[in-house]
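Two complexes are shown next, each including subunit A; its partner changes from subunit B in the first to subunit C in the second.
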Partner chain A sequence: MKRLVWVYLCAAYAFIFLPVIVLVVFSFQDGRLPVPPFQGVSLQWYAKVLGDRDLMAALFNSALMAAVSSAVALTLGFLAAHGLARSVLPGSVWLRGLLIAPMTVSYLIIALGLLTVFNQTGVRLSLWTAGVGHVVINLPLCFAICYAAMGDHQKAAERAARDLGASEVQVLWLVSAPMLAPALLAAFFLSVTFSWDEFIIAFLLTRFEVTLPVEIWSMLRSGLSPATNAVGSLVFLVSVVAVVLAEVFVFRRRA
Partner chain B sequence: MTAAVSIEGVSQRYGAALALDDVSLEIAAGEFVVLLGPSGCGKTTLLNIIGGFAEASVGRVLIGGRDMAGVGPKDRPTTTVFQDYALFPHMTLAQNVGFGLRMRGVSADVRASRAAEMLALVGLEGRGGRRPHELSGGQRQRVALARALAVEPDVLLLDEPLGALDLKLRRAMQDELKAIQRRVGTTFVHVTHDQEEAMAIADRIVVMNAGRIEDLGPPRQVYLSPRSLFSAGFMGEINKMPLDGSFGPLDVAGPGVLCIRPEAFGDQGLSLGMARVADVAFFGSYVRVHVVPVAAPDLRLVVHLPQGVQPEVGAEMDLKATSWVVLKT
Partner chain C sequence: MTQAATERRVGWGLVAPALIWTVAFFVVPFAAMLALSFARMEGRAVVAAFDLGNYVRFFTEWPLFKALLNSLEITAVVTVVSVALAYPLAAIIAFRVPVRWQRLALLLAVLPFWTSYVVRSYSWLLVLGQNGVLNKTLLGVGLIAEPLEIAATRTATVIGFVHFFVMLLTLTIYANLVQLSPNYARAARDLGAGPVQVFRFVILPLTLPGVVTGAFVTFVLCMGDYITPQILGGNNELTLPQLIMLQLGRSGNFPLASALSVILMAVITLAYVLSARWLRLDRV
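On to the complex of A and B.
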């Protein structure tokens, strides 16, 4: 019985991580194809990827868009959560539902909807329009995390700050946000992770300045290459760093 | 800095419930007033209205003669010490205490010296660099007090500030609170449901019940000559004897209720006739005795006798009250 448990555990982890491990291993392939047999270790594909100007531009675009759209989503989500947690509004249950609802809509639908809107209003597709899409998908997440973190503890401190002469902006900036810093950072890094490897919205809403996932997609069209694996590994590495940072900020504060 | 507070005909409605019912109260500058009552009596609502956290449905609040209608907490000459302390956990003690001054645009070095001064006032000298989570409950409450006093408010509001502390610490903090109030001279309005705390610190106690002021006066007056049955009962244990003719000394005129505190029985004074001892218990500083008056076998009175007395159950004693009060039902 006990052995069975271990077998199950290993199988489950293998199922989750094997594709990633294979991807990373074959990014070091000393050959032309990222398929077995493994022909030896080489860093040539990383060298090629890091030397590719288009790829590096896409990487920079992705990083910029992830940071900016996450910051915007976080700001809007935090303000909405604060407002809904602190004030009694008619129908605030519905407002909360509406804010979280985009989570249930597929990215494809959101992208198509935004594409229609941008076409109708004559907004030219760019990194900015894809960024708007990423704010749309990350806002519900940021809102939900911030809303869940707001407790009576902050409420009391905010009241004390007002009593001592703080304006509403000062209350938010000097008391609410610092007290919620762990949740805010966790929400930010999760948003960055989602934005960083998001494909459909970035694909449909950008034109000339593309993000890394879109660039990888065009690489894949010309066939398999260990270079794709190398890019994938780099993307994965960045995601892992962002998630680990989020965990560190949440758990270090709680400990 | 200190100012008088006038509460003029204040009523407060929450939906159908009347939290405050036409309350009027004059608080003198520099006075230590305690609002005392059970939970739900409206004492905290009244404090919130003075502090600007709630707006009265009817009536006016004046602080230092200035009408406070439409003035938010941020712009009132009041600060509050909250029951849950509400310190800023991400700031040091010095930053906590200096927060109000920072909001008033006071420069950093003035703030630092003022914070150090205030922390010294509450007995936390040299701890400005610590953070709230490093402190005990009593110390946090001191920081909250220092923070509220740092901006030199005209009126300091205290919302059950000692409620979360254990009994011993609470008694110690009461003495300190009183001493600090004497030193700074600010008007203190303190809310509590603990009548001992109220008597220990108040210049004047305001007893509240069901949104109304039942009684008010110095502790001695409210305790010894309460104006209502509620006030008499809330201030401490009291024997209530209906004066309907079946019982009671002839020189006390009815109708009403004769009220006598357990410790007010003695060798002389108002004679209540003979009574039989039903139960005796030693309470340390006094002996607590239950007696049944011979003339009124349905009544059961509580009498506190001196430590040395050892009455026998079944024995009869001559009941005399040294102080009493007759109240209307």
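On to the complex of A and C.
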């Protein structure tokens, strides 16, 4: 029984890591196809990828869109959470439901709806039309995280600040935001992750300025290549470093 | 103006931007799509109408309806297999791995999450393809004489999905298991229950809400995904999202694509209603 447990554990990890290992190993392939036999170690595909102007442009677009759309989503979500937490509005249950609703809908459907509207109103597709879609998917998340983090303690501090003559903007900026800093950071981090890796909205709502997942997608259409492995490995490396840093500096400290 | 009225006005002012954004870019687009699903195609032009033609087509043309069945079958298999594989893994990490290593074990179990989504499916293609690692290995050790045809089949789609959802479910089920007080199992053992009975009558019922929630999330994400079936499954057996994308791309048939999306949405809503009894979406 005891041995069975460890066999299962090892098998599960093997299954989970198999594709990643294959991806990374064959990014060093000294040959034209990322399949066995492994023909030797070469960095040529990394050189090719890092010198590829389209790919670097896509990388920049992805980073820009993830940062801007997450910042917008966080701002809107934070303000709405603050508004709903501080004053009793008629129908606030429905308001909360409406703000959360996009979370339960497939990205494909959100993208198709926006595409319909942009087509009918003659809006030209660009990085920013996809950014609008990314705010739609991340706003519920940011709102929910901020709303859940607001407690009575916070409300008391805000009321005190108001009694002492702080304006609404000052309350938000000098009291609420600093008190919620960990939640705001978590919401921003999650939004960036989702936006960075999102495919279908970016695919349907951009035209010429594409994001990294869309660029990788178009690389796939020309068949298997170690260059795709190299891009994938680089993205993986960056993400893992980010996760480890977050783990060590943000979460470890709290625990 | 009274104090309460001022309060309320400020409240509305704060909620307004998010509300306007959600209405303008979520509610209105959805309504537009719904309206479009009743429109007609004449040649390559969309004619506004109130026409049930697209829905009738879906239920009467077998290739269209088959896409929904394919999606449902794949999703059902993926959900069951993923839960069946993830539960033991989560349980081993929660109960057998020493506490100080659990966080690391869990972090490792979800590490491939951090590869790009498109790249993850592509990696499985490298493993499962005709000249892929799996075939080369099996041929090498002489287990098979001919390469297995896995890529571009439903099996490949299922493997790709299961890989993703095993990671997701391990995380959610683990979170459920460690919340359980060990006293429940201890009490059951004191009263004479064996390990199987403890699991069957104590642990499993207590973690069921978490499992159902995880299974529901799996269902929603799996039904709506385009990438995995497109890269791994190929074009032999289309899923509903693949069919929708095909309508957009090749034929530019937006009304039919809209109708199919509405149907996808209806199926997911139905699944929600059916599982709502056990769902604890606030406790994911």
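To be clear about the criterion, the second predicted complex is superposed on the first by the 239 of 255 C-alpha atoms of A that agree within 3 Å, B and C clash if a C-alpha of one lies under 4 Å from a C-alpha of the other, contacts with A are read in each partner's own complex, and residues count from 1 in each chain.
Heads up, the rule we're going with is that contacts are C-beta pairs under 8 Å (C-beta built on N, C-alpha and C of every residue); 3 or more make two chains touch, one makes a residue touch a chain.
No experiment lies behind these values; they were computed from the predicted model shown.
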Next on the checklist: By residue count, which of the two partners contacts subunit A more extensively, subunit B or subunit C?
Outcome noted: C
Next on the checklist: Quick one: is A:A67 in contact with subunit B, with subunit C, with both, or with neither? Answer first, second, both or neither.
Outcome noted: neither
Next on the checklist: Once chain A of both complexes is superposed, is A:M56 in touch with subunit B (first), subunit C (second), both, or neither?
Outcome noted: neither
Next on the checklist: Contact-wise, after the overlay, does A:M179 reach subunit B, subunit C, both or neither (first, second, both, neither)?
Outcome noted: first
Checklist entry - Is A:F26 touching the first partner subunit B, the second partner subunit C, both, or neither of them? => result second
Next on the checklist: Output check: A:H82 vs subunit B and subunit C. Expected answer is one of first, second, both, neither. What do you get?
Outcome noted: second
Next on the checklist: Which partner chains sit in contact with A:Q170 here, subunit B, subunit C, both or neither? Use first/second/both/neither.
Outcome noted: first
Next on the checklist: A:L224 in the overlay: touching subunit B, subunit C, both, or neither? Say first, second, both or neither.
Outcome noted: second
Checklist entry - Inside the complex, what are the residues of subunit A that reach subunit B? => result 156-157, 159-167, 170, 174-175, 178-179, 181
Checklist entry - What part of subunit A is in contact with subunit C in the complex they form? => result 5, 8-9, 12-13, 15-20, 22-23, 26, 33-37, 75-77, 79-80, 82-84, 86-89, 95, 98-99, 101-102, 104-110, 112-117, 119-120, 132-133, 135-136, 139, 143, 168, 197, 199-200, 204, 212-213, 216-217, 220, 224, 228-229, 231-232, 235-236, 239-240, 243, 247
Item to check | subunit B residues within the subunit A interface of the complex | outcome: 51, 53, 72-75, 78-80, 82, 84, 86-90, 99-100, 103-104, 147-148, 151
Checklist entry - Which of the residues in subunit C end up touching subunit A in this complex? => result 7-8, 10-15, 17-19, 21-23, 25-30, 32-33, 36, 85, 88-89, 92-93, 96-97, 107-109, 111-112, 114-120, 122-127, 129, 131-133, 136-137, 163, 166-167, 220, 223-224, 226-227, 231, 241, 244-245, 248, 254, 257-258, 261, 264-265, 268, 272
